[in-house]
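Going in written order, the chains are labelled A, B and C, and every chain counts its residues from 1.
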Amino acid sequence: MWAILWKDLLLELRTKERVSSLFVLALLIILVFVFALTPEQLKQPAFGSALLWVALVFAGMLSIQRAFILEQERNCFAGLLLCPIDPGQVFFAKFLSNVCFLIIVEAVVAPLTLALLSLSFSVSLLGLVLVLLCGIVGFSALGTLCAAIAVRTRAREIILPLMLLPLLVPLFIAAVNVTGALLAGEAWTGTWFRILVAFDVIFVVTGWLAFGFVVQE
Amino acid sequence: MKTVTTHSDLVDSFLPWLTCVAMLAALAMVFLYVPNERVQGEVQRIFYFHLPSAWMAFLGFFIVAGASGAFLWQGKRSADLLARAAAELGMVFCSLVLLTGPLWARPIWGVWWTWDPRLTMTLVLWLIYAAYVLLRVFAGDTETVARYAAVLGIVGVIDIPLIYLSIRLWRGIHPKVEQMAPEMAWTLLVCTGAFVCVFAWLLRLRLRSLHLRDEIRALRQHLVAAS
Amino acid sequence: MTQRTQQTSWVVEARNLHKTFAWTPVLSDISFRIVSAEVVGIFGPNGAGKTTLLRLLAALLTPTSGRLTLFGSASSELAVRRKIGFLGHESYLYPDLTPEENLTFYGRAYQIPDLKGRIAQQLEYVGLQDWRTMPVRYFSRGMEQRLSLARALLHAPDLFLLDEPDTGLDPRAVSILHATLAEAKEQAKTVILTSHDFERTRELCTRALILHRGRIAWQSEATLPSPQEFVELYTACTR
């Protein structure tokens, strides 16, 4: 498992294409929203949190797809399957590498979003980090499973969002609500946060168990 | 093997008739027997088709999940085809819910659509069904894709409680069925029965056509190999 | 008792293997046994199911039905994979990593002890020690194939599977491959290779199978037939 994770990170270090393209895409999405909304709307915490998550979900989809596309060239995924590695471990490696990339991207994009929308920075920083982390974990878990499926079909660019987005509904609603509460300076550790954590736990376990069915032929 | 064929032949011969009778009875009850609802009037009669459709959409989802589990467990083609047929039917009934809902909502709520939890839930369900059906369309018909679809079907069912919970907390104005007049309850019961029959019959037909398609493919390959 | 010990010494035991793809049979009723130190050639025309059979043996595919036992345990067991080396049409190498990094990745996945030394040894074996820090993307096809050979042999497998080694290899790779096979024979390792060219492969093999339309059409006895006999057999089987 660590071998795969090490290899994914090394590949990224070599090409730097994944993180850089994600970063630019996230910024572009935010830019599009800024143009679409009025200045008054932008100041509302609810819009800020929505924006943050829309950018994360779409950039994340690109990232998760890259994780499997880079295995497709020279059919490396088959090479991976030759190795005595349990499919569950392959899942965790891919999941963790994606979590790493999204953390790196969000570490820049999240503060940048707050600054661009001139939202107050006086929010609970710990809370914000925690919520982003929970969102990234849940997204990556379900995303890894779906991308492993999508990448080996025709029209994978379409199939991935089609599968992933409806399944992400609970994560998205919960994350936007928690972040909104955080940005507005309200209590955020309520039911929504618990739903977010439940989503994470459920889909990390599901992905780990179901991955064997997805990778074998 | 032989008993199985005669058994399913029996089902095939009486299911269409049962469906016809049940459907006629349901229509008669909806339009002739059941009285107008006090507040909503005539429009409320669509409810007798709306609600059973929603139940069938859910039923379809659980058949998909069950058949998917069975397929991952044993790898039988029939389980895979059952999941596929149930998903297609589930999507049809889900579409019916989404069509009959606004027809009712327009005169009663004054809008075609509101983001009420059950409406939203049905829409999300429809989208998951759509992804499932499209995955099978885009990815071709192989064992691998069957396994992908089965995983997706099961993940979808695992996700449903979470989706429901989150949408429910999000907002809500859907009418709750409180006290029903006995006539209304009877009508709803008959309609549900009729919808179960329609569902079962369509499922039979779809399954048979899928199995026949397999047979045709096998025959074609046989022909090519023999030439 | 003797029966028992013999059973466990089979490297490959296939019993009634079936494999379907897109719900149509690709392989049907495949049964054979291979003991160690054999070099088995699987012959057959294109589409006979040779590659599918080899991928089954590599545990890349799971049989639809039937039993496949490798080194005495089911082919689905992870530990068995450590004993298998597979060289296919694709190199399974990451183009943006260097040879050293590629081999380090696979070596860690196989948990090879003293990995650094082993990698250096393997790179020298395939003559790529001077290229160890250049990304594989810049390699010529022959170099990539040699590196792929090093990847497949990195964990010193007891069973070596080769898919059509006589097509697409450059002369240098072929000579390395022949040396490898000779060495494998000496060390009593087992080799299974697919080919559609009997003449070029015959001297390597100790046994041969002919596959046609997903079935074993013919299996050789202890001694191989002469080239002429084989050609007649082959045309008779694959008609």
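Convention: a contact is a pair of C-beta atoms (placed from the backbone, for glycine too) under 8 Å apart; a residue touches a chain by one contact, two chains touch by 3 or more.
Every value quoted in this text rests on a predicted model; they were computed, and no experiment measured them.
**Q** Between A-B and B-C, which chain pair is linked by the larger number of C-beta contacts?
**A** Pair with the higher count of C-beta contacts: A-B.
**Q** Going by C-alpha centres, which chain is most central here?
**A** Measuring from the global C-alpha mean, the nearest chain centre belongs to A.
**Q** Quick one: report the Å distance separating chain A from chain C, using the average Cα coordinate of each chain.
**A** Their C-alpha centroids are separated by 39 Å.
**Q** Just curious, how far off is chain B from chain A if you go by their C-alpha centres, in Å?
**A** Result: the chain centres lie 32 Å from each other.
**Q** Rounded to a whole Å, what is the gap between the Cα centroids of chain B and chain C?
**A** A distance of 49 Å separates the two centres.
**Q** Of all the residues in chain C, which ones touch at least 2 other chains?
**A** Correct list: empty.
**Q** Which residues of chain A are in contact with two or more other chains?
**A** 216-217
**Q** Where in chain B do residues touch two or more other chains at once?
**A** Within chain B, the residues that touch at least two other chains are 140, 143.
**Q** Would you pull the chain A residues touching chain C in the complex into a rising list?
**A** Answer in residue numbers: 2-4, 6-7, 10-11, 14-15, 70, 73-76, 78-86, 216-217.
**Q** Quick one: which bits of chain B touch chain A in the complex? Just the residue numbers, please.
**A** Touching chain A from chain B are residues 72, 124, 127-128, 130-131, 134-135, 138-140, 143-145, 147-148, 150-152, 154-156, 158-159, 162-163, 165-167, 169-170.
**Q** Mind pulling up the chain A residues that touch chain B in the complex?
**A** Contact set of chain A toward chain B: 142, 145-146, 149, 152-155, 158-159, 162-163, 165-167, 169-170, 173-174, 177, 191-192, 195, 198-199, 202-203, 206, 210, 213-214, 216-217.
**Q** Chain A touches which residues of chain C in the complex?
**A** So the residues of chain C in touch with chain A come to 58-62, 78-82, 84, 86, 88, 90-97, 101, 105-106, 108-111, 135, 151.
**Q** Inside the complex, what are the residues of chain C that reach chain B?
**A** Listed in rising order, the residues are 20-24, 64, 213.
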